[in-house]
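Each of the two complexes below includes subunit A, the first together with subunit B, the second together with subunit C.
Moving on to the complex of A and B:
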């Protein structure tokens, strides 16, 4: 273990994670408006250009945005080392990520070479800068916990996912570059599967190995699961380069990935059941909802395609991917935001009070920074938007209802984050006056 | 033979147990039980913090030559925890459930991320770097078994 770089105090400025969290909520508000005005046809296929834009607004604009912001905060805690030049890295990569996500979504809806090239360059440079900055920390000999190993594997998946994305854009816009097999739809599926189950899934798994037992005071995850599951998942996903996702063997691989994630979900559901704290915690309800949803989507995966003909117009892939993104990933990210947002605000303020304890009188607690009832309302809004999403997937004419419930949910999330930031600024002024 | 990381991690879990018992009692409005278990928690916590500040951290600092790094941050966080313990005590004194739960949630998250840094990095490093880890462990164990001195 190398201690030369160890710095537990490497807490990034509060503006670093918060800019990502605020942008993420705004991106889903934009997505809500896009859905509201895009019509019913969008819901007929996952390959519809507007549906591709919506998918990327979710994956890049919300899921990756929050996870990237949280990593700045998480690394010093679990690895003891923060990202070098964090303010500069965050400012540039966040700006490029935001422009790139908007440009990419725009280019799906209104194909335009200039916009596509802008998307390609901004996302390419933004991700490269971010990945290099994080990798520079992860390659150091940090603590040897399973979480760090899982994070390394998740970052590796991100590199592959982004590389594929850039190649797809290059092929579409910089003709006559011949990329051969990459134009195969199977590679688009690998891009999506590695993004969802490699980058997002393994990162959540790796983080939860630490977060769930510690912050929710449950027993630890079984050692076998913690040690082998992240690597086994990445190994399985890598097999998709050998067995195409559309082939029989590829389908077996996908099924195994779903089964392994179901085991992970069942395990954390069991851990929450063994939790000793009696205080009701909305973030646990989000986790439980995500876990049950994942098991449900795995069961749906096992149903024959014909079953979906009547109820979901045969659109099994759209239903399962929609549930994976909205019911599973978004739920877990909201669970984490409910914990991270007030804690970050609190810890930044409290650090300022260390030199002057009289200032602690102006320090709000976590429940004042994010009221418990406000967190509960977010959960109810999420349940509401999840039910309208399922209804829309079954009866596409209900899409506006989904858009409206989504707008309500993510406007509320934005309000909660901004309220926290407002209280931070208010308390900061009082603490500074004390000093 | 138990190692420093094993012993200290066990102590963290023991503190958690008392902390949860107190919080659960408050959740049930059982204030007499809450006061009793909270007193066990605060005593156990103070012994643990003192063992680190007076025995473990100085040994780490001497063995590594690092005095302004991780141990300084840990000492700062100990002060933050003590401030929250004082808030909890005040809430207990007035049977203020809302104030107690708000402060206990904050202390819980602060304590857990603090423990994570110690368990994953500081304790294993101390075990590796100090010249006589067994003797150090024996001093820590002895301290944790003596009554709190403030």
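Moving on to the complex of A and C:
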């Protein structure tokens, strides 16, 4: 009987993941305001300082923020081992991550050495603490091997991405440090590619090996894909240190990465088709939208640069990276949030009922925590903001329309998360009275 | 011990936990709940122990687990049951 030697920690307090989710929505509301007041010129190049700030608000402020928050919860559920001193780790790393992201974005728009150094220190220390805490769990022998291996590879990518980011900041602000080759734009591309396809992409891939079959009751992913794709992707991305992204060989590597991710997307689209219970689920619509968008952006990648001259002012890189972040990553993050926000809330309440079954009468229905129609509205708002983003990339004068639809979408997301938390507190009070 | 069986393998979260909770609430004394699950419900284990329940889990196949749960009051008969049946 397994009554002793429990090696795992309890689920973290609900405040741990929720502080990350709430901050993530707030970051994109801030981003919406930034876009609204930044003017049209921002949309002409991905190297525009404000565009760099916007990109990092998306990647650090939203995508990484949600994924980091979800990992706290994911590890004990999937691997059976939680992060030690989780409350302390979350409080410190979340605070440093928030300050660092704000400071970094600020330093892009208004270059300032002090603010840049604050960004360097807070992001450096914050990520170090977080990565060490997660690595301390990931080095253990855990169940669900393929997912855990994928998470290890994603964390490894994160370490490289953050190290590059810190070096870029150091070089920019702490002259006379001479970092030689690092100033090459190719390293900025590696930083971006590893961040998008290594850290975010491989983590999503690894998590989806568990999340899609578990939450949507689909067949499992094919064994070959689950076993080899995360490692193959990281191996391919590592080749970019040998073949510069701008070189012909580098472009071949990037194309292979896109093709591999397209296979992953086609696979999960097929799994959703094979569900036994085909109930309408907005979370699945987000996944499907993300999958189809990724395949579309891969097709766009194959089109010659001249094709983009008339429609997108030749800005192929901005179009593809914008689609990757907003149509693919943000859609999947929202798909996950729609599932895990009510699920986490419900699970925390449910476990309290084990000590007194009469308290089950006070459990809300999980769908009350996040109403299906509210989820649908989020999806419609996302479709609106995606179409205004594409319009803005084609006709930059439409940027305010994108900002407004984005503000509507992420204000709504924030409302949904806060509503869920409010209902949790109400139900918790009733259950505690009963227990 | 009497065995009450539930199969939650094809259910989406949080339904497995709902079924397990309802079954435990109705579990007669000196009975064991036998749960067929697609994965190991790790967070449940800790809560079971904390709330006076015993469990024993066994992997049957790659995505097939069986979890036996009994009340702590029936510890001796549960131990015998596990030795004989699991």
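Criterion: the second predicted complex is superposed on the first by the 425 of 435 C-alpha atoms of A that agree within 3 Å, B and C clash if a C-alpha of one lies under 4 Å from a C-alpha of the other, contacts with A are read in each partner's own complex, and residues count from 1 in each chain.
Going forward, contacts are C-beta pairs under 8 Å (C-beta built on N, C-alpha and C of every residue); 3 or more make two chains touch, one makes a residue touch a chain.
What you see is a predicted model; the values in this text were computed from it and never measured.
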item	value
Touched partner set for A:72, first subunit B, second subunit C, both or neither	neither
Contacts of A:145 with subunit B and subunit C, given as first, second, both or neither	first
Which superposed partner A:347 touches (first subunit B, second subunit C, both, neither)	both
Touching partner for A:368 - first (subunit B), second (subunit C), both, neither	first
Which of subunit B and subunit C A:276 touches, first, second, both or neither	both
Partner chain in contact with A:80 - subunit B first, subunit C second, else both or neither	both
Contacts of A:215 with subunit B and subunit C, given as first, second, both or neither	both
Partner chain in contact with A:360 - subunit B first, subunit C second, else both or neither	both
Contacts on subunit A seen with subunit B and repeated with subunit C across the two complexes	1, 3, 6, 8, 77-78, 80, 143, 214-215, 217, 276, 343, 346-347, 350-351, 353-354, 357, 360, 366
Subunit B contact footprint on subunit A (complex, rising order)	1, 3, 6-9, 77-78, 80, 142-143, 145, 210, 214-215, 217, 276-279, 339, 343, 346-347, 350-351, 353-354, 357, 360, 365-368
Residues of subunit C that touch subunit A when the two form their complex	10-14, 17-18, 21-22, 24-25, 38-40, 42-57, 63, 78-79, 82
In the complex with subunit A, residue positions of subunit B that touch it	16-17, 20, 23-24, 27-28, 64, 66, 69-70, 72-74, 76, 79-80, 83, 87, 98-99, 101-106, 108-110, 112-113, 115-117, 120-121, 124-125, 128-129
Partner subunit C, residues of subunit A touching it in the complex	1-3, 6, 8, 10-11, 76-80, 143-144, 213-217, 220, 276, 343, 346-347, 350-351, 353-355, 357, 360, 366
